[in-house]
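Below is the structure I would like to discuss, written out as structure tokens.
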Amino acid sequence: MNTFYFIAFLSIFFSILVISAKSPVHSILYLILTFFTFTIHYILLNAQFLAIVNFIVYMGAILVLFLYTLMLINLNKEAEPVKSNLVKLAAVIGGGCFLITIVASLKLLNVSPGVSLQNPGLGLVKNLGKVLFNEFLLPFEVSSILLLSAMVGAVLLATKEPKSAA
Amino acid sequence: MQSLTNTMQAVPLNNYILLSAIIFSIGVIGVLIRRNAIVIFMSVELMLNAVNLLLAAFSVYRGDATGQVFVFFIMALAAAEVAIGLAIIVMIYRNTNSIDINVLNRLKW
Amino acid sequence: MDKYIWLIPLLPLAGFIINGIGRNSLSKNTIGFIASLLVFASFALSVGAFLQIKSTGLPINVTVFDWFAVDNFKVPFSFLVDQLSSIMLLIITGVGFLIHLYSIGYMHDDNGFGKFFAYLNLFVFFMLLLVMGSNYLIMFIGWEGVGLCSYLLIGFWYTNPSYADAAKKAFVMNRIGDLGFLIGIFLIFTYFGSITYADVFSKAAGMHSKDAPFVLITLMLFVGAVGKSAQLPLFTWLPDAMAGPTPVSALIHAATMVTAGIYMIARSNILFTMAPDTMEVIAIVGLVTATFAALIALTQTDIKKVLAYSTVSQLGYMFLGLGVGAYTGAFFHVLTHAFFKALLFLGAGSVIHAVSGEQDMRNMGGLKGKLPITFITMLVGTIAISGIPPFAGFFSKDEILAHAFMHSTTFYVVGVITAMFTSFYMFRMLYLTFYGKFRGTTEQEHHLHESPSNMTIPLIILAILSAVGGFIGVPESLGGHHELEHFLAPVFERSTKIMGEQTLPKNTEWVLMAVSVLGAIAALGYAYSKYVKKADIPVAETEERPALVSLSYHKFYIDELYDTLIRKPLDALSVFLYKVVDLLGIDDFINGLGKGTIEASKGLRLLQTGNVGSYIFMMIIGIIAILVYSFISIHNIK
Amino acid sequence: MTVSILLFLPVVAALAVLLFKNEAAKHAALFFAVVEFAIALIFLGRFVPDASTQFGVDLPWIPVLGVYFNAGIDGISMVMVLLTTLLVPLIILTTYQHQYKNAPVFYALILFMQAGLLVVFTALDGFLFYVGWEAALIPIYFICALWGGENRIRITLKFFIYTFAGSLFMLVGIIYLYLQTPAKTYDLHEFYSLSLDAHHQSFVFWAFFLAFAIKMPVFPFHTWQPDTYTEAPSAGTMMLSGIMLKMGIYGVIRWLIPNAPLGFLNWQALAIILSIIGIVYASIIAFKQTDGKRLVAYSSIAHVGLIAAGIFSWNSLGLQGAMIQMLSHGINIVGMFFIWDIISRRLNTRDISQLGGIAKVAPQFAIVFLIIVLGTVALPLTNGFIGEFLLLNGIFHAQIWLSAIAGLTIIFGAVYMLRMYKNVMQGETNALTLTFTDIHGSEKLVLGIICILIIGIGVYPQPILHISAAAVDNLVRSVTIKIITAGKY
Amino acid sequence: MNTLILISIIPIVLLYLGLYKAKKALLPVSIIGLIVALGLAVAQWTTPDTAQPTFHGMLLFNNFSIAFSAITICSTILILLLSKGYFESISNHIAEYYAIILFSLAGIVVMVSYYNLTMLFIGIEIMSVSLYILAGIKKNDFASNEAALKYFLMGAFSTGFLLFGITLIYGASGSFNLEAIRNYAVTTPHLDPIFYTGIVLIIVGLCFKVGAAPFHFWTPDVYEGSPTLITAFMSTVVKTAGFAAFLRLFSACFSTVSDFWAPALVIIAIITLFIGNITALYQQSFKRMLAYSSISHAGYLLFAIVALGAGSANSILVYATAYSIASIIAFGALILVKQHSDSDSFESFNGLSARNPFLALVLTIAMLSLAGIPLTAGFIGKFYMFSGALTHYQGWLVIIAVINAIISIFYYFRVIIAMYFHTAERTEVVVPAYYKFVLGFSALVTIIIGIYPAFISKLI
């Protein structure tokens, strides 16, 4: 239980750093750390496969892509121009209010049961695979369209137009 | 592993919700306070991960695997979005030499 | 006779149509002939009707067609010729015919000859409708129709803007009265369930004066009469109406139309009898008008204006008569007045004709020799109107005064004083016109001539009538039999029953007669000394007058008063309502809604800053708001 | 033989007219309009003047919504149909001396508008009524905006938005009534048989009242009207004033009061007072107007105020007065606007102060003008009188003193109309008016017909009153019964 | 289902065609494919509706889905017909554009037939991701870039809320299946508070997708910046799908707790109406005006969800159809006009009636329809909305809608006024045959639905 609080604290801590770091590169690095804490959360939840996928997909692929892009376009640039403090303050207050309202609306003050592991094998590949390829076969297949579309689009957008050179 | 997870038994579900909400809100704040498109995008990723975590928690709490399966789809989406988003950012950078969203306000009113 | 009764109004209408269509194609003689002939035919028929009624004593009642009917409101287009209307028919068609005849000569050189006769015929048509209608609405048709003709004829020479204005004024003032009349009709319908005379009067006679708002009804009707018969406060149009050709003044603004109000009240006598308060009002209004107009007439210099005010004054007399319950007397005066006032106007027309359109008496004088027939006939008329026996005016005026005396001595005194004024200004007119020496230009003097015979013949006929017309109503105190009273008795039967027979002792009556006659003669004498002996000519326009004279000369500034009190405020109100209330107030409010929305648009679109950060910030605020709202409202639900 | 012939012919005609070229379109439009009038006369010939609805047509239109193409003619509708079919050919005829660009479109729009108007006047289905209502609005908007005067764009848009706003509220009312019907239908008679409480009826009343008050227009909803009448092309003004504003009046008779008798009862006094304020207010404003068309526009507000007040008095007298006055007002106002059309076409001005003495150079014109003026000021034996008399009488039965105020119209009407006549026709001619040529050709025809109608109806109105008598009586009675029975509770 | 498969396959075919440089074949293949897909969809129509969820409760391809698929496919066909020659001017990768549009359409088909929140999510994302791309396909156009980025950032952001909401619903009910959620909502006496929060967050997510205030901010900018044809697609097909998805979720799952969410949605609807209409008033750009007008139409469409009932689906169908067709005309006309004047301001429409009467006429019809004037389809749509709203709420809501309808007249008529009453000395506008067909057909449909709506009035 204490582990959870510790990890949770880390998650929050790193995520705050993500948004407050001056350099985008630092942000990414903190984000990697944050995601790592998430992976730990998954493990704590006995969702091993999820933890692995999270690790691979987010940290291995997505964040590297971020980093890569950042390097590509912003390498020799100064840090981004920052928003004025007033705007920041307003944003933080707004975000804080949002947090408060959402928490209040979830009525967290009520006591709630602990997260009990009813099915220890729940997070295993075998188990998930069954669900994914039975019930969720259709969304699984349909999401291929999503990826295909994204792929085509990414290529389309990111390539330089031959005409645009002119 | 088993012992580790057992320790989790005592963590109330609400704490997960709270954690997710906090991280989600941090993501929101990040979107609000940053001007760099990439960082904003990262904040969005943070929000998505908060959701992922919550889903996993619910899934475990319910003993129902569909929640975790859903996380995969979110990840798939995240991947697709990253591809597109970064492509767009690159494209814009190519045109404007900036990824500051405040520069992008020609369309208004 | 019943079968042809509808021809009486129809013939003049036919004349109107024929002359109206053929006004440019037919020759003047043809037009004049057609117009006069048709009126004469009507006259003949009227005589027939009169004779029939006189012999049978029964009214003729004919329905031509159903005009309109809504719910239980039914208006047949029907005619009623009884004692009262048959005499009116005779006056209208008889005097009308004479005036038509006269007009052939008078209007001979006018371009609008055909139009004139068409209008004149139309007028006769409407006037006949007015008196022949068997219900109030038919009367109202005639009532408004004659107003129209009056408008058309006053504005006959419309190229002169002030004439056109006078026409308009006449119409509008008449309309004010008409509204009262109309409301009276509504009231009558509401309380009696009908507007047909027979129904209304028989029902009213069976009621008590408290059963229905008789005062209100009669006051409203009286308002109508005030407008039409030019009583205070609506009299100012009549003097202005002299803008029309003189025959018109004679026919419409002296003999017939203006007496419609008296006819209407006489016709509705039972209603008025049931409302003594109204009678009092009528008497007072009549008396005040008579005096007031006489005062103005004292100093007027326009020959037609003098006659106009005299008409107003005489009409006031008639109302006085009505007000004191002398229905017969009032109606008698209508009759005699028709003769002598038509005569005077036509005579004045003859004078004007002779002096090439000059109307100002200051530029006349000494016409006695040049226009003998005109002079004599006018003399007759003047004597008649002054109430000097045995001419017509004496008898009728005397009857009214006698009743006024019975009613109140004050009325009588004022009445006699007014009669003296009348005598004075009429003779003043006569002297200024015919005595002394000619004061016009030499050119006019060369042109002086007696009018052609078709103008003088009507004058002569009317003079005879003015002289002897009074004998149909010689009071019993003078050994007469008062034919008229007996003839009209069925009409006033119910009222008489209610009011009771009123008679004066014979000696009192003689005294009264003597007083008024002597008064008239005294006034005559004063006029003679002033205008013939001293040859006192009224001063020119620009010169100073004594204050009182000036007041009278300027008609007590009534026109100016109305102008300041009514016309100008209304015009100002018109501009105010248009410019301020309508355009700035209501319209700008409506436009303001539109403009406000556009302004809102200008403001609201600024929300769309183009900045993603602010968009998201506002989204967040929205989300917070929705969450808060939802959860507050869910508490309320639970 | 159902009313659908009457309703669809103008639509077909409108499409057909589009196929013609300019001049031919004019003739074609006139031809169709006359045919339509002839058909209306045939209907009139076959019409049995009782309270029933005749020549009915009832076809499913959107059955699932309870919408039927349900139309028919009763006495009230018959008068309106006559008015519409009579005036449209006249109005087309008034345009004979005009050369409109895109003439086919112009005439097609007029005919299309006629269809919309006829739908309004015959519809027995709420939905159909509303559709007709708007279908009449669109063409007139384009007529005004395409062929109108200088400020037409702004003013016609205001007109359109204003009237459209009103009608949307009416739509809400119609839908509301629909939802209350047990059978979920837009059938007018189902609406009639509803018995809502007074509170809800007040809501319905206002929903309808706004639409009709704006259309008529009743004070203070009138400000679109003078501007629009002034800016619209003459034919458009005639369509607007001659026929279209009667939609509002007809709506009050057919849709407002019977549908919400208790709501009406609650607001009757206000409605009458507003109408009467309109009479006095518009009349006074008309005193000092110098633009002829604007003057006539204000006079129209006054006249319509009287009609409205008569209807809101809700008795047979007032209603019958309104019926015949609608017809009369339509005829007179078309005549009046045509007069101004002739003047402004010849002299290029409508400024009264610049005119004068036209009677001298154009006597025939003077006569017809005068007759129309007399009709307008309600002289007995002209058509205006019957209506005004009955209306005032009707108001009198409801409110004695208000009737006296309403009666001011006969005085004020005379004031401004005669003032106008005097300033235009009388007095000396000036350099401008000297050039005025007398009426000829189609002008003479139109004005002649109008004058004959003015006098004809004035002398013998009974046949027209007879058409609507039974229907009006029936309507008045049924509403009165409703009010009385509701009062018992 | 076959429809979905077909629509997913066509873009792949198109990509291959693009690979083999068969540019000419792209459009015909797309159109024919879509027509076949349409046929396949319509073939599944059953009366009465007996469709059952398939694929483990993932999809429910019932009449509702068929109707919305059909209308979205039809709109897409019309828009694609307008695309002839349009993409060529942007770049060489035409095949990709067609493919992505059709991918997006595939997502939309999923959106209108989902029966599981997973499918909803995936459908929305397929659609959105494709649209992010499409918004930015004018790569050298600054506005297009900006539109793409704004759309993308805000879209991703709002997706977060949608997901959070879905997660909370899942947390409360334990399932993503609509039926299960419904059962949870119906049977559980005390619903978990997170369920309510979930609903709110889903509302937020969906309102963003349909462009309802205060989540509408992306709409004007993205609509203005995107290539006009894409804007047409977004404002018609996408919006329709968004509402279909919205309605299906709320009618299937949350109808029993409408007391909770309806008030909030009412307020959203009202704000949307006002913001859309009022802001549209002062716009100088026709395209941007259309964007705001689309916001306001979202407000009207929300009425159907607020007044949830048996007729809601049909209301949305009719309204969306009317709105789509009219919008297609508007955008089609805009494309043509813009080609001539290189501006999408109102002024560029000046004198269009003289420059091309046909175009002016159809655009007038479209504007009248958008404004909700009778005898056009738009009126029938508004009529449905008002009826629905009046059934469930007091008049005030409808009064507000009426006020907004009045405001909307002003800006719709600006176009008409510009076309007919302003003059401009410009050359004639040539309308290519494809356009003539699409615009004419759309105008005709608008009128037909307006005059005789019976055939569409009770489809579902």
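Odds and ends about this structure:
Note that the chains are named A, B, C, D and E in the order they appear, and that numbering of residues resets to 1 at the start of each chain.
Assume a residue touches a chain if its C-beta (ideal position, glycine included) is under 8 Å from a C-beta of that chain, and two chains touch if they have at least 3 such contacts.
No experiment lies behind these values; they were computed from the predicted model shown.
Contact with subunit A and subunit C alike is made by B, E. When every chain is reduced to the mean of its CA atoms, the largest separation from subunit A belongs to C. Remark: the per-chain Cα centre closest to the mean position of all protein Cα atoms belongs to D. Farthest chain from subunit B (centres taken as the mean of C-alpha atoms): C. Taking each chain's centre as the mean of its C-alpha atoms, subunit B lies 27 Å from subunit E. Distance between chain centres (mean CA atoms), subunit C to subunit D: 36 Å.
Measuring from the averaged C-alpha position of subunit A to that of subunit B gives a distance of 4 Å. We define each chain's centre as the mean of its Cα atoms; on that basis subunit B and subunit C are separated by 97 Å. Of all residues in subunit B, those touching 2 or more other chains are 13, 17, 24, 27-28, 31-32, 35, 40-41, 61-62, 64, 66, 69, 73, 77, 80-81, 84, 88-89, 91, 101-102, 104-108, listed in ascending order.
Residue positions 594, 605, 608, 610, 612-613, 616-617, 620-621, 623, 627, 630-631 of subunit C are each in touch with at least two other chains. Contact of a single residue of subunit E with at least two other chains is seen at positions 118, 122, 125, 129, 132-133, 136, 139-140, 148-150, 153, 157, 168, 194, 196-197, 200, 220-221, 410.
Under the touch rule stated earlier, the contacting chain pairs are A-B, A-C, A-E, B-C, B-E, C-D, C-E, D-E. Those residues of subunit A that touch subunit B in the shared complex are 1, 3-5, 8, 11-12, 15-16, 18-19, 24, 27-28, 31, 34-35, 38, 41-50, 53-54, 57-58, 61-62, 65-66, 69-70, 72-74, 80-83, 87-88, 91-92, 94-96, 98-99, 102-103, 106, 108, 110-120, 122-123, 127-128, 130-132, 135-136, 139, 143, 146-147, 149-151, 153-158, 160.
Interface of subunit E with subunit C (complex): residues 149-150, 153-154, 157-158, 161, 196-197, 200-201, 203-204, 208, 213-215, 217-218, 220-221, 259-261, 263-264, 267-268, 275, 278-283, 407, 410. Those residues of subunit C lying in contact with subunit A across their complex are 613, 617, 620-621, 623-624, 627-628, 630-631. Contact residues on subunit E toward subunit D in their complex (touch as defined above): 368, 373-375, 379, 383, 386-387, 390-391, 395, 398-399, 402-403, 405-406, 409-410, 413, 417, 420-421, 452-454, 457-458. Taken together, the subunit E residues at the contact with subunit B in this complex read 118, 121-122, 125, 129, 132-133, 136, 139-140, 142-143, 145-150, 152-153, 156-157, 159-160, 163-164, 166-168, 170-171, 174-176, 194, 220-222, 224-225.
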